[in-house]
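Letters A, B, C, D and E mark the chains in the order given here, with residues in each chain numbered from 1 onward.
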Amino acid sequence: MGFLTKRSFSGGIHPPSSKNATKNSAIITCPLPSTVVIPVSQHIGAPSKPIVEVGAAVKTGDLLTEPGGFISVPVHASISGTVKAIEPRPHPLGNDVLSIVIESDEKDEWNSSIGPQKDYLQLDKQEKIRRIRDAGIAGMGGATFPTHVKLSPPGDKPIDTFLLNGAECEPYLTSDHRLMLEQPKKIILGMQIIVSILGAQNAGIGVENNKPDAIKVLRKTIADLGLPYKVYSLPVKYPQGAEKQLIVAVTKRAVPAGGLPMDVGCVVQNVGTAMAVYEAVAEKKPLVERVVTVTGKGVKNPQNVLARIGTPYSALLEFCGGLEDNVGKIIMGGPMMGLAQASLEIPVIKGTSGLLILDEKFSKKPQEITCISCARCVDVCPMKLVPTILAKKVKYNIFDSLEKDNVLDCIECGSCAYVCPSQINLVHYIKYGKHQVMKARKKAG
Amino acid sequence: MSAFKELTKGIYDQNPVFKQALGLCPTLAVSNSVENGLGMGLAATFVLVCSNVIISLIRKLVPAKIRIPVYIVVIASFVTIVDYSMNGLFHELHKSLGLFIPLIVVNCIILGRAEAFAGKNNIFLSLLDGIGMGLGFTLALVLLGTIREILGNGSFLGIPVIGASFKPVLIMILPPGAFLSIGFVMGFFNWIENRKSN
Amino acid sequence: MGVEQLFIIAVGAIFINNFVFSQFLGICPYIGVSKQLDSAVGMGAAVVFVMTLASTVTWLINEYLLQPSTKNLFFYIFSLDEPPDLSFLTTIAFILVIAALVQFVEMVIQKSSPALYKALGIFLPLITTNCAILGAALINIKKEFTFIQSIVHGSSAGIGFSIALILMAGIREKLELADIPKSMRGIPIAFIMAGLMAIAFLGFSGLKLGN
Amino acid sequence: MKDVLKIGGILLAITVIAAAALSGVYSVTKPLIEDAKQKEQDAALTVALAGADTSGIYKVENEEYVYYEGFTERERQNLIGYAFITSKYGYSSDIVTMVGVDTAGTIIGIKVLSQQETPGLGTRIAEKAYGETKTWVQKQFEGKTAMGCAVDKDGGSIISITGATISSRAVTNSVVDGYKKFNEFITKK
Amino acid sequence: MEKKLFVSSSPHITDRESVAKIMFTVIAALVPAGIGGVYFFGPKALWVILVSVLASVATEAVIQILMKKPVTVGDGSAILTGILLAFTISVQVPLWIPAVGAFFAIAVGKQVFGGLGFNPMNPALLGRAFLLASWPDYMIRFDLARPRGGHLAGIPINIDGITEATPLNVFRQLRDIYSNTTEFTGVQPDVHQQIDTLTSSYTSIKNLFIGDVGGCIGETSALLLLAGAAFLMYKRYIGWKIPFGYIGTVALLSWIFGGKTDLFSGNILFFVFSGGLILGAFYMATDMVTSPVTFRGRILFGIGCGVITVLIRQVGGYPEGVCYSILLMNLTVPLLDRWNRPKVFGKVKK
């Protein structure tokens, strides 16, 4: 309804926000875990390659791997101690991934090169981008796409607009919200760095208007720093934070189907990423910790926790008072797009925005029945697809026309499955369909 | 294949209507009563048998290129014969079968048999094939006619067979009834086949 | 009156006496070529085209060659004493003419428009044995339509057939994604669907257009 | 070229054989067909003019009007009445009937020649009820004075079919109309 | 501790709607109209509804058992089909009529296609159309001999004997007399005025709105049907596109063509509130299974229903066209959906 709310996109849903449990709890630092498990792949792209050996002593911030290609970032030791093992360990994505296990010496000695850098803004563009890559920054909004790649758009795609994504539209999660309240200055300065890299004329932050305090704080910080950035107050609607939807809401530009934000002159980064960029460029601090919202009915003390990368869930949860008895499901991320986790020994990674613990009642899904063509999924799809037809075709193994039906444009936001009264997990089918289409594409060369 | 097989295959195994979905138009159009079905079935059988025989007889004389036109001429001649004879002898029946008598000429079964069988086999087998297929077609029409007439009119061959308290399901003798009956009968045969193969 | 009459013939042939749902003509291609929407559209276009053409040509043949009237060309050419009644050749003449016509159209399209040929070509041979074409021609004669009326009737009947075919194809594509009982899949369910469509088309019966 | 000639020749030969055969069939069946058509026409007339000799019915035809005269004898003796065709739009079609009247205007017989009313409703005008030997029109009209016919809803004595008053009324009024026209013509003559 | 953790794909929450909840809410919304039907047409109406519902549910259950499928009568869709079927038939039918109709609706209209969600056409309306074609003599019996519902706005027309004493049928008959296409030799003083009284008088419209007229069990009371529909719209179980597209089209075209003889003189309220339009537009054209899923498709669907309804009402073989127009438009649903796919986000017009 473009004419009712000025800044938004069509489609979308309004799930209960469920953020009250943690939105007022300040970020607390999690005690150092006794071991951390650091997977060599925490981003989209080629895995990085270990450069340490078992038995090596490492300090916090030490480089553990080197990038495995252009679209790749290194990982760093998040505590000081000894490398205990380099072996496949369970990964949040569900498979086992080569990981570097470090046993803490409980001293947390940091790599000595880390510290405030003078005149960092005057560095040349390439140096800033190098520092970002060396810090191992991958997008913290969930997609974990290497940030240095995003910040090096090809020459034929001039960028005029940079948007910071503070929407945090997923229910339950409050990590970005707290970060905006508690670290506004670092975020804005990080934004300043990014804008300087991109040479963008316009820059702004999009925040859902259920976080008025964050909007106020950001506006004040920007004013204090004398920067020209805008803060956009956006209506509450999922997936407001999806980048195409954010861009259209703020700039009215529609990213072409199958295209990227840079096709319309935009780059979008998460607020956490901005802060990490600041720390990387201005302090040479690698990405070794992040804010994780630990929440849900199944955990005793829901709160926002600053945790080292590699902290096993068990340690994190213990810090939050432990689990209730009726735990049914543990989800990395939010309830809409997050991944259900199979074990408590899986570690926090760069993209872990939250850990959501649902009780049993919430976890069991009702039996899927047949589609009644109610069109709810069609009405809510922010990409204007027809999810019911996509899912049906997949179910009956008809893949050849899927690509023509634009299946690849699905952003897997889950809105369709959320509203389906027949409990059909449309995203599940659609993901499989995408997979088949990609496979067929590859085969066709 | 034995001669006996040629004669009987059309009745069930290769029934032109139910198994091959041929000759559907007349089947649907005239199966609103048993009498119509029977009349149409026999008329088509006559054409089928005669054209099968003639075509098998002349198959060696006809060059491949003009096979189809020749078949059509042969078939059309017999159709016209049936058309006029029925008009003279069974005027009422001819009237209620209407357009569908001349349309036997395009009945897919007949040209189909000419192509698939009579053009390749000797007279004797072609004769049996014609009789068998014609019989199968007739039986299909009579079966559908029976279902539709009993349900839709409460009668069989015009004779009331269900008590007066039965209110006929009129729709069965209207066009929708034709489609529904043939659909369910075909489904029933499929069901039998499926059960057999299990 | 004239135009109104044509309108009545057209609406009658498309909706009220739809070839498929009430006349039972062209059922084989209707069931056979309605599995996919694209081919249904192609077939529909081909049928409209051929049916119009066939109505035109057969009407002329009937009027000037077969009927025993003073317009009969044989009567002139051979200066016969009395116009010959060749109406017993109707069936043969019509079917041969239609077959030849389809061949001819196929050739012309192939030469003149390869694109159109690609779209319609495969359907044309199917049409020869389609009783709807011959049916339309025979109805024109039986109802004693004038030349213009025959053309309108022929094309409208073709359009009515195409509508039925295209609606059915849309639905059958959707039925591919349905849990139809095994024995009913394929042709049986197509017939059931046709029956239900015919029920819906009963809604057009008794349309009172003229007077 | 030779090939074409040969093929054309065969085709022509077959067509000629077929045409010859058909013209034979035609000449044999033609009288039969005409006979049958006549009989059909007669069937209606024998109902409308019950009592007349089948070969004692004559068509009277001129530019604007057609009717039939029925005699008990073949040689135009003993006129029992006249038959005419009349029609009116009913519920969804023209209902065409043949009506026979005696010289006093009393209906001898009546038959519906064509109609396309709603099956189960309007079509019942031409149907026999279960166990009856006469159709609804026969039962209602035979023996009544043509001029005075009207359905019960309009205050007359023709009992209309429930749910099909419109069809019933159309037949009734067409009988009256038809008779009026016939009478006008007869008296003019 | 090793507890079994559930692992399933995202999303992990839903809005807790279910098909059963939707169906039973629609059933609840129809209850007032049902009570209205029983009030206007007497206790037999209740029997008709019960027989229809029982036959629907039994047919569905038996077929599912025979085909060794899970029995899903608990989802309420068969109950709803039964109720809607009963709502579209006259109270004067013998009780086997709703039973046979419900059997056809469920068996041929729904289960042959695989059951809930797969049927291309509206089962309840198919049931009705089947009954109307098979036993028209029963199906059009709407005479006025019943407790209430006997008014036709106090029209002085000699209406008692007319089998089909419903507003639309009486209108058609009067207008035919007026324009002389039908003869009516009975004494009819002032047809012109009768038509005006029927279509425009306050009493007539009021009776139509309340439901105090002849017609099918559940269709007469616009008031009660609209109350239920408002509730469903509030709950977002039915949208606005189909019903408003439908009724708007009927209103417009009826205004243009619904006059006695001249154009632009039809009374909109009369045509909107009479017949099955309100029931059809809000509860039957909106059946999600048999209506388009796309935005434009739904609007066109509503408009198409409206056009056909007015066509049949004005020149068709039936006084009312709601049933057939919805069934006919059901046939176009796959095409409407296919040709009106939303433009994918970011797809540029060519």
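We take it that a residue touches a chain if its C-beta (ideal position, glycine included) is under 8 Å from a C-beta of that chain, and two chains touch if they have at least 3 such contacts.
The shown structure was predicted, so the numbers you read here are calculated from the model rather than taken from an experiment.
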Chains touching both chain C and chain D: B, E
Farthest-lying chain, centroid of Cα atoms versus that of chain D: A
Most central chain, judged by mean C-alpha position against the global CA mean: E
From chain C, the most remote chain by mean C-alpha position: A
Euclidean distance of C-alpha centroids - chain D vs chain E, Å: 42
CA centroid of chain B to CA centroid of chain D, Å: 32
Euclidean distance of C-alpha centroids - chain C vs chain E, Å: 35
Geometric centre distance via CA averages, chain E-chain A, whole Å: 50
Sequence positions of chain C contacting 2 or more other chains: 88-89, 92, 179, 181, 184, 189, 192, 196, 199, 202, 205-206, 208, 211
For chain E, residues contacting two or more additional chains: 108, 114-115, 118, 130, 133-136, 181, 317
Two or more partner chains touched - positions in chain A: 370
Every chain pair meeting the contact rule: A-C, A-E, B-C, B-D, B-E, C-D, C-E, D-E
Residues of chain E defined as touching chain D within the complex: 133-137, 140-141, 158, 161-164, 173, 181-186, 317
In the complex with chain A, residue positions of chain C that touch it: 176-177, 179
Chain B-touching residues of chain C, taken from the complex the two chains share: 21-28, 31-32, 88-92, 95-96, 99, 129-131, 134-135, 138-139, 142, 181-184, 187-192, 194-196, 198-199, 202
Chain D residues touching chain C - in the complex, by the definition given at the top: 15, 18-19, 22-23, 25-26, 89, 91-93, 118
Interfacial residue positions of chain E with respect to chain B in the complex: 108, 130, 133-136
